[in-house]
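After this come two complexes, each holding chain A, first together with chain B and then together with chain C.
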Partner chain A sequence: MGDKVKITIDGKEIAAVPGEKILWAALDNGIYIPHLCAGRDDHSPLASCRLCFVEIEGYAHPVPSCTQEVSGGMVITTRSERVDRIIGTGFELIMSNHRTDCRACPRNHSCELQKIARERKLKLKPARLPRLDRDLPVDGSAAKIKYDPNKCVLCGHCIRACREKGAGVLGFARRGFERAVTTFNGSPLGESGCNNCTACALACPVGALALKE
Partner chain B sequence: MSERKMAAAALEKLKEQAGINRASLRGKTLILLGAATCGRAVGALEVAKTFRDEIERLQLDAAVVEVGCMGHCYAEPMAIIYKPGFSGICYGYLNEGVASRLVQDFLVEGDPCVEFALAATGINDFIPTFQDFPRGIVEQKTVMEHCGFIDPENIEDYLAVGGYGSLAAALDREPSGVIKEIKASGLRGRGGAGFPTGLKWEMCSSSPESTRYVICNADEGDPGAFMDRTILESNPHLVIEGLAIAAYSAGAGKAYFYVRAEYPLAVERIKKALQQAAGLGIIGKAMLGAEYSLDIEVFQGSGAFVCGEETALIASMEGEPGLPRHRPPYPAVAGLFGKPTVIDNVKTLSYVPLIIKNGADWFKATGTEKSPGTAIFALAGKLVSTGLTEVPMGTTLSQIIYDVGSGIAGNKKFKAVQIGGPSGGCLPEETLETPVDYESLSKAGAMMGSGGMVVLDENDCMVEIARFFLDFTQKESCGKCTFCRLGTKHMLDILERITKGKGQPEDIDLLLELAEDVRAGSLCNLGKTAPNPVLSTLRYFRREYDAHINEKRCPSLMCKDLIAYYILPDKCERSCDACVGSCPVEAIFSNEDRIKVVNQEKCVKCDSCMVACPPQYRAVIKVSPPEEVLRREREKGVK
Partner chain C sequence: MILTEEEKREAVEKSRKILSRHDSSKGSLIPVLQEVQSALGYVPPDAMQEVAGHFNIPSVDVYGVVTFYNQFRLTPPGKNQVKLCMGTACHMRGAGIIMESWERVLSIKVGETTLDREFSLERVACVGCCTLAPVAVVNETVHGKMTPTKVDGMLFSHRLANPQQKEDKPE
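Here is the complex of A and B:
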């Protein structure tokens, strides 16, 4: 491992591994940055949830911290008016498309969305935007897993988990507003070759994929 | 280093050969028939057949050559006839009848049929040349110089006008020297972003990776845009030459054309051209005797607009779904299969041979300081003369609209010009003196994009136009990132509400906020630019939004939910039944005075009655808001 580089995040000096992305350097040092889609071992980051923006001194615009490598002397702030605004709107957009039923949700209290809301003092209920519920059928066909696509935030953690630990049956499908996590040919989980390893349910940060009671 | 002349000498030999072959054409009458997609769409191939049949029947010493498009698409089918003893004459609006007449009257009897002529290609006594028209004065053809004048399917035509001379010259120089020239010219990418082309090549060429690629981006997904298609169909060798020079400079042994599958003719012509160039040893192993080898392949992209975005394009070439990736890394650093990759637009590459041939200073002499050279626009919408045009950067919008496009069709009033494709902006009358260059257009709220220009008139509702374009980008969003997937969806829903008369005053602020955040937060430029039509119409046409929201009124009488059809009682010719017969839902009836009345409950607002009402009466009008009908009826005391 090469020599560490010094960076500053929110005034705190941190030693980071060269080539490491800012997001992980921050999280490893107890500085929280909202994020849903980032995977630590990703070769090229998905960079799709758009919640991990930070300011870097000398940069014209906020950048997603999951894609930006640290470099020596970098001065980073996790909060600014611009950052808060992008993250606030991004979060509200996601919440407008996430069927919120916290009390009945197995992820209640361990949900990443609740965490972001708490950390950044954001509302779970979108204030400005109407709900965009797609009213998709809940898939209860697998023995141990239940999939409610209406809760899915497209972070992709289930797909990674399924590839690494399961039967590799999950993937992204369709485009635009219709984009969804589905099985390979769109069949119900129970008929998809899913081996009920439950890795996806453990990986899902928002309760879209969850263990059956 | 310019001592090397190997490739140039090799090319000279090929050219001599070409000259000999072309000698057979001398003394012959030549009919150059515009047979690009624009011509074919209106019957060019039928006209070509008539010419050929007639020439055959009359046993004339004449040949018909199917060429590309010279940009005057509005007048297609077109032909240029070169008859010995005459200057070339260009004819437009051809059909089979006119074609047979031209053969008989002009080819046989020597009467050039001035009544069908658009212009002459050279100075003569009886027909004005293109340069005698305002359009000819404003236009400056560099990339398009030979479009419509040479046979795109015959490499000899290209060689005869000096083609591949620049490639030979480049091969005789060091790659770094070529890059230096392109950098000095200030050439900027014509595919949208305007990034300096030479810099991109240099980034790629200085990579430690030895496997590198160059890709010509011919995805051209903008609705209504056809600049790249026309160039590829009209002069494919020019683009191939540019691509080969780019590949040589960047040190790539492999180059691709990424062409959308919806362009079959372009694909066919590129493939044919590549075969010919390879056949002569111009492209391929140790091409033109140089130590450099290049393989060029055609890749057909299938469909999605976002696949024109360079990282999505690369993903789709790798066999992955065509979704954009985060940049950096930029393709020039890590592109196709992770290797350094130069991606240049068709037009960008077309300038390259010209710059190598004439030098950077020649290129910079046209255009503005920061945007040198010419710009190529596809003119569409409510113009008299739609088509393709090449003008110096810095030409004003009004010159393009009024001099090149001959103004607004149908005596209507200009309202706005939409520039830069679906994510461009709408500029109003007061901005028409804006020069077209990258910075000025951005400042005005539009963008250069890849050169689409749609002109809108007084009948176009700007809220509906914004909704239309956002609907396009929203449907074309790949859905990967939050802002584009959901942000554009919410924006579209709001616009839809407004055009239906259900908008709320606070919607405007919400639109503005979302627009700015989608711009700041999106992953790729599709999302980052998608709000442009909304932002620019809000900036310049706010009053139209307000009318929709506050008065439920569409000032342009375009939004179906906010208008009603009304028959003016004092204009209605009672004995005429045209509107009644035209109505598909029997919504029009005669009242006791035999004046026609629209039953608003039944009316589906299909416009048929308005079209059917004879022009001498013009009794059917649209009103907005729909309640206007009641007011008028009350005023008239209609029972």
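Here is the complex of A and C:
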């Protein structure tokens, strides 16, 4: 890696590796930016959760920090009226079809959605949008893993984990409102060739994939 | 949908033949799937697995592509193909209700085929006769101003005209 460059995030001077994405530079230095879909080793980030927007001085519009590389002298602000508005709406859209069952959820208190709501003072219940529960069956067919697609936020962490550590049976299918993390031919996890490595359950930030109790 | 051994063998054979004409660069994935669909009329799981093996990608990724695009179908087309227009005019005239009635009388969802392979149901965009909305196209015949009662009637008269169907039905 080359020499580090200096950037400023929220008035704090930070040394970052050139080519590194703003999101990771900020997180590594204790500055929180909401994010769900970003993965540290992504070559081309999905940038699909729309939660990691920041303002950069000299840029006309807020940009997703998971795709924007740092460059020397960048001045970044993680909060602004525009950023808060984008993130607030993005979060509301995600929450409008996330089954909020926190009390019974294994991720309660370690949930990424709860964290974002707390950090940015957002409500878990969408104020302007109706709740659209997909009402899909919960898959408990695997020996160690339970999959509740109604909680899935389509971040893709489980798919990544499944391919790196597991049998590579998970993937995205369909599109739009129907889009879901599923297996080949939509077969239950237990019949999909899943080897119960539980990497997906550990990677899931919202409790859609969880360890069986 | 349960496929016969014969159909599975045909799917594998035809897919292999198609794949032999293509390299394994990722850009060939959709053209290959299109060729499979035009050879078989649909893209069965066995064909998807062959394709995944050829491109050296997880089979769930092929499934993802096939389910993403409307042009691919997962079940074999029925003897009678029902196309339901979901264009703007039909939509406004209650095409959703018509779709529900077809789904109810055939006990399948849109995009599927009945177990006896008599009917398959699919949604299409505008078929070009909006004055007749809502429209259903059965095989090549256009049926305009559809109502749920008309759906029931069409199925009833089809069953009357094809009485052997009932006898063939498994218990």
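Here, the second predicted complex is superposed on the first by the 213 of 213 C-alpha atoms of A that agree within 3 Å, B and C clash if a C-alpha of one lies under 4 Å from a C-alpha of the other, contacts with A are read in each partner's own complex, and residues count from 1 in each chain.
Assume a residue touches a chain if its C-beta (ideal position, glycine included) is under 8 Å from a C-beta of that chain, and two chains touch if they have at least 3 such contacts.
Computed from a predicted structure; not experimentally measured.
J.: Looking at the overlay, what does A:G168 touch: chain B (first), chain C (second), both, or neither?
T.: second
J.: Quick one: classify A:Q114 as touching chain B (first), chain C (second), both or neither.
T.: A:Q114: touches no partner chain.
J.: Per the contact definition in the header, classify A:T78: touching chain B only (first), chain C only (second), both, or neither.
T.: Neither partner.
J.: With both complexes superposed on chain A, which partner does A:S65 reach: first (chain B), second (chain C), both or neither?
T.: neither
J.: Just to be sure I read the superposition right, which of the two partners does A:T182 touch: chain B = first, chain C = second, or both, or neither?
T.: After superposition on chain A, A:T182 lies in contact with chain C alone.
J.: Can A:F53 be said to touch chain B (first), chain C (second), both, or neither?
T.: Touch partner of A:F53: chain B, not chain C.
J.: A:S96 in the overlay: touching chain B, chain C, both, or neither? Say first, second, both or neither.
T.: first
J.: Who wins on chain A residues touched, chain B or chain C?
T.: Of chain B and chain C, the partner in contact with more residues of chain A is B.
J.: Is A:T198 touching the first partner chain B, the second partner chain C, both, or neither of them?
T.: After superposing on A, A:T198 lies clear of both chain B and chain C.
J.: Identify the residues of chain A that lie in both the chain B contact region and the chain C contact region.
T.: 172, 174-175
J.: Any idea which chain A residues touch chain B in the complex?
T.: Where chain A meets chain B, its residues are 44-51, 53, 61-62, 64, 67, 82, 85-86, 89-90, 93-94, 96-97, 128-130, 132, 154, 172, 174-179.
J.: Going by the contact rule set out above, which residues of chain A touch chain C in the complex?
T.: 163, 168-175, 182-186
J.: Residue numbers of chain B touching chain A in their complex, please.
T.: Counting only chain B, the residues touching chain A are 304, 321, 325-326, 328, 474-483, 485-487, 489-490, 493, 510, 513-514, 517, 520-523.
J.: Mind listing the chain C positions that touch chain A in their complex?
T.: Touch list, chain C to chain A: 45, 48-49, 58-61, 63-64, 67-68.
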